[in-house]
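Report on one structure; see the data block that follows.
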Amino acid sequence: ADDLTLQLKWVTQAQFGGYYVALDKGFYDEENLNVTIKPGGPDIAPVQVLLGGGADVMVDWLPSALAAREKGAPIVNIAQPFAKSGLMLTCLKEHNITSPADFPGHTLGTWFFGNEIPLYSWMGKLGYATDGSEGGVTIQKINFNVDPLLQKQVECATTMTYNEYWQVIDAGLTPEDLVVFKYEDEGISTLEDGLYTTEEKLADPEMVDKLVRFVRASMKGWKYAEENPDEAAEIVLENDMTGAQTEKHQKRMMGEIAKLTEGSDGTLDEAAFERSAEITMEGGMITAMPEGAFTHEITDKALN
Amino acid sequence: MKSVVPVLTVVGAILVIWYAAAVWLNAPWAYDVAARGDRVLSFAQLVADTWAQDKPKLPAPHQVMVELWQTVVEKNVTSKRSLVYHAWVTLSATLLGFGMGTVLGFALALGIVYNRVMDMSVMPWVIASQTIPILAIAPMIIVVLNAVGLSGLLPKAMISMYLSFFPIVVGMVKGLRSPDAMQLDQMRTWNASRAQEFFRLRLPSSMPYLFTSMKVAMAASLVGAIVGEMPTGAVAGLGARLLAGSYYGQTIQIWSALIMAAVLAALAVALIGVVQRVVLKRMGMA
Amino acid sequence: MSDTAQPEAVISVQNLGLTFQTGDGSVEALKDVSLDINRGDFVSFIGPSGCGKTTFLRVMADLETPTGGQITVNGVSPEAARRARAYGYVFQAAGLYPWRTIGGNIRLPLEIMGYSRADQVARVKRVLELVELSDFEKKYPWQLSGGMQQRASIARALAFDADILLMDEPFGALDEIVRDHLNEQLLELWKRTEKTIAFVTHSIPEAVYLSTKIVVMSPRPGRITDVIESPLPRDRPLDIRDSAEFLEVAHRVREGLRAGHAYD
Amino acid sequence: MSDTAQPEAVISVQNLGLTFQTGDGSVEALKDVSLDINRGDFVSFIGPSGCGKTTFLRVMADLETPTGGQITVNGVSPEAARRARAYGYVFQAAGLYPWRTIGGNIRLPLEIMGYSRADQVARVKRVLELVELSDFEKKYPWQLSGGMQQRASIARALAFDADILLMDEPFGALDEIVRDHLNEQLLELWKRTEKTIAFVTHSIPEAVYLSTKIVVMSPRPGRITDVIESPLPRDRPLDIRDSAEFLEVAHRVREGLRAGHAYD
Amino acid sequence: MIWIIVGLALWAGGWSLNLWLARRPKSTATSLAVPVVFGLTLVVIWEALVRGLGISPVLLPPPSAIAVRFAASTDVLWEDFVQTVIKGALSGYVIGCLAAFGVALLADRFVFLRRGLLPVGNFVAALPIIGLAPIMVMWFGFDWQSKAAIVVVMVFFPMLVNTVEGLLAAQSMQRDLMRTYAAGYWTTLIKLGLPAAMPFIFNGLKIASTLALIGAIVAEFFGSPIRGMGFRISTSVGQLALDLVWAEILVAAMAGSAFYGAVALIERAVTFWHPSQRGRA
């Protein structure tokens, strides 16, 4: 079988359920692939792993992938299993924020490491300064978890529909205590969790063939996961080496993830790409519209 | 044995402060929850609540003990949910890194003591190397080593090594230079070779320094292994536990991993202490 | 062993000079020193503190490099002599290795010089008897009093067959009785083995009692002010110290020494 | 100062015992020691290494607590005497503080005892002259030779007005000429100030030359074997050492000392 | 290939230059020049290897690129330096060292405390800071106070252990001397205990100086306002601005070495009398 390594953007969780399902259910084996899945972490930049030769394919968000490309990393999107964005801003109702017009004067928390771009773009669109000056907002870097929101160090926090939001709920708050702004609804969403590889690999026909089989099997995994979310969550749990994930949380996450992958067969939607790239540019992370940052070659072959 | 009572007293004092701090730090959340439920907390209720929260700012000592008990004793040691399993993962990287760090540190110290150019040029850079925040370059080290096909234990051990060679270099340079001028002159009058001088004088007289630095290096190596575990994808080990606990706000899990790490370090250091006593005793120095 | 009727210079020194460069200026530790030491001589060096006695011994042993003049040992340079293991050196302080027993300390130079194991054992036994420490072979240095340590350090220098013994105040820390005893032992050893001995001391009677030649030195710059050939016979019972000859030599040494001091 | 015709016991010791508890058993450093030291006495202690001389001095200075017997100093306990700053103590090694200059070291006790600044300066100057180190006031201890350090340490003990001087082998590291000189100086100081002095030495002539009373000790257990009252007058030129009386006392001390040794 | 050969050649050149320098009589100039030449050689090899092997700047930028970025970003670097070094590291260092010093005095005064505190202290010192950092951020907030708290914890025990050991360093004879003067506790401490402890205290201060900087930077990975060296490093890695990352690392190394050097200079002035300092000009 041909070896292939996939570098995830984050730790093992249902967010990457499709790949684990494909592995566990033997979809990769069927394509004669021997796939290794490497979990990510807070300070692992998947692009570095990819360029360093530690992986053949990576999962990344489009804004950070485009930024890397502009920095000289020749990476290309080969498939886009996530059709929709799960990003949102969650605020505590007690701070009296009901619409984006209320943001000024408040502290908004976000992850950095490339994940801050959408928030900055949004604020730019709204015309709010982000340096804490009069009439603007204060941006605070937060890590990993929702504690800063619960402990009132920030008034709003970036959350994912499938993960952090539910941690807030698990902490004892009810949806009524919260106000959420989905990026998807605000029209500022960017593409998340796409599959990327390097131009160099795409120039190699043998590699292209492997990628085609990989994408085909992965999409099969995603569709299976969409239909059998509980089973997919169990598979993720089995593959979690830290032993820290809980069943309840992963099953719920898988259900939410299914809503995001729904409707994608892996083919990149060019309109969504354009929009995402524009938002990224407005956020200042790239200076020009990218060229050649995606290819339909793999998905075209995979789906036919 | 003279220190049993004082140690217990200090530990007792820490526990008292710890419990009090738990009440103080966890109270805002308790009040918050009560306010949302339109309840008013009596002091007793407050104390009970702050010592039993799910995700406390500071878990009470007994919560940590319970968690430790559950993850150390009640879980099968091969299970991913067993802290013993994770401790072993970390320990193996620690020991490997410690071994490599000791060898590297020893080699550098030898070079510095016996080679004039190294003596003059290496030390400032060894010091500078330790001012580089390891966490910043750890991911890069991991990526680079990955690229050349090294993964798993070795990258973590390399980071351990990076942190642990420093105390060894510093201690061994001091130790290998600790024979006084007279002892060195004696060797000269006997026309001893460099090797004879090293094995019969410099090495034995550096032993006390060696063990002291090894203790420091062991603690450093453990930190290195944990640092190395964080960006490797947080797969397994105490570092991964810390990180995972941190993603999900599981403070109790963080604290039990912390305590486990400290116990591990204390045990490893104590082990070196035992070896030290045996060796020094055989050398007649204890 | 041949009877050395014809004096033969084992150590020959001409116009030797040694200047230490220190942070604030230079110190002339030895200046214009000339001296011949013959085979079988017992030469004592005496002089005020800081007059260069230790430095002189160190030059002979190639532990210090002179900055001027010539010195030969056994006809060759001190370095060659050192490489030929011509010296036994007893330092001012005992300097035993704390991680070796007394026996192990004495065995150390024997190991380094490659004596056979059986020979090592025999020699250690012999010199331990000489300094009366046989019962202490297995003890560590710190289990001995200062005086015993000093004796062990003397034994160490005697264990191997160096023709030249350089001893820097070896009996400094001992009380009078022990000192007398060791003086006798040293004389006996010297007579028996025909070693050449250079010996530093602060004690005038000791210098006179032991030596065939007494070198008086004076400081700033370190130089030789007097060389006294002893008229005493090689056989010296302890009570020779009450003889007129002895007292006369002692007097001459004392005068030479006094000249090096500031007191009137 | 009154003329002390009537002997008056400054230090009075009865059946004193001191046992050290060590890892492997106990050491009887002092056993059944009784002694009276009168005002203005100059008492020397002599005996083989390890016989308890240092220990005895330390008990007098309240640096060691006896395990049996009585001792009073100036009629009170050693502790009370120490608190009243009755002692000047010269240790076996110089023990200067390396971070203070020679002058600073000598000034240290004066600062602690609250002497006025002017007085401090005057006293430091005076004792530095006494031990001939005036040029070295600003130097640090390690810039001096061993002998000079020892002299500085003596000066430090003399700088303040203690009635009782306890000196533990103060002249051990000095050469004969310097030693003679300092012996004379010490005798003169003692005559002038009527201090009471307890003095440990390994040198028989030194003990005889200096003392009004010589205490011979012997080891295991440490005890007093002889107390010799000196017949020599208080005025002692250096050449008194050639007198018959002197030699007789020295002989008696030597005999007492020899008895404590294993040699026949 | 040519770059690698050039690199090797330059390395050989640097090494032989150093050989030559080391054989000269020792002076301030040579003892400064040798490590500088050594460091320059390393930099040159780095540059040659990165260019020679065609390593992507996203993985490891060449020193020249880092230098360019450094020059262009001095304002950001300065802002981060103030946040991390001045506010976080320095304040934590001062507080931690002073606190440890105070506790050491107590432990010296009361044997009971010494027996109890030191073993527990050693245990606490073994707690990995990586684990403590998120907790401190939770307790003390995002700004420099939590960094200072981490630094306090990190420097406390090396400093405590060294100071306690140092206060025991006075020789018994030196103590006995104080007894014969009937000197009180404070007099003995000021005139004897502290001076004798200085070499150890400075040992602690030196170790703590490198720890403080690392601690402050690493702690920022776990929570910080949107400035600071640790923040910039972690964020820039995410943005693959590796040249900025290395520029920050350079600042850290320079600041750390300068900090260490400053403490070592003060040490030389204060403990001029100690054998390890004598004979050095």
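Observations on the model:
Per-chain numbering from 1; labels A, B, C, D and E assigned in written order.
By our rule, a contact is a pair of C-beta atoms (placed from the backbone, for glycine too) under 8 Å apart; a residue touches a chain by one contact, two chains touch by 3 or more.
All figures in this text were calculated on a predicted structure; none of them were measured in a lab.
Common neighbours of subunit B and subunit D under the contact rule above are C, E. Sorting all chain pairs by how many C-beta pairs they have in contact places B-E at the top. Distance from the subunit A centre to the subunit D centre is 86 Å, each centre being the mean of its Cα atoms. Subunit C and subunit D have Cα centroids separated by 31 Å. Note on chain placement: the centre of subunit A and the centre of subunit B lie 35 Å apart, centres being C-alpha means.
Here the spacing of subunit B and subunit E, counted between their Cα centres, is 18 Å. Counting partner chains per residue, subunit E shows two or more touched chains at residues 59, 134, 138, 221-222, 234, 237.
For subunit C, no residue reaches two or more other chains under the stated contact definition. Subunit B has residues 57, 135, 139-140, 143-144, 147, 230, 246 in contact with two or more other chains. Chain pairs recorded as touching, per the definition above, are A-B, A-E, B-C, B-E, C-D, D-E. Residues 47-50, 132, 145-148, 172-178, 181, 202-204, 254, 257-258, 261, 263 of subunit D touch subunit C in their complex.
Put simply, subunit B touches subunit C in their complex at residues 180, 182-183, 185-192, 196, 200-201, 204-205, 207, 283-285. Subunit A makes touch with subunit E in their complex at residues 42-43, 45, 47-48, 51-52, 64, 67-68, 71-73, 112-116, 139-144, 147-148, 151, 153, 285.
Those residues of subunit C that touch subunit B in the shared complex are 58, 61-63, 82-85, 87-89, 91, 93, 95, 97-101, 108-109, 111-113, 140.
Interface of subunit E with subunit D (complex): residues 171, 173-174, 176-183, 187, 191-192, 195, 198, 271-275, 278.
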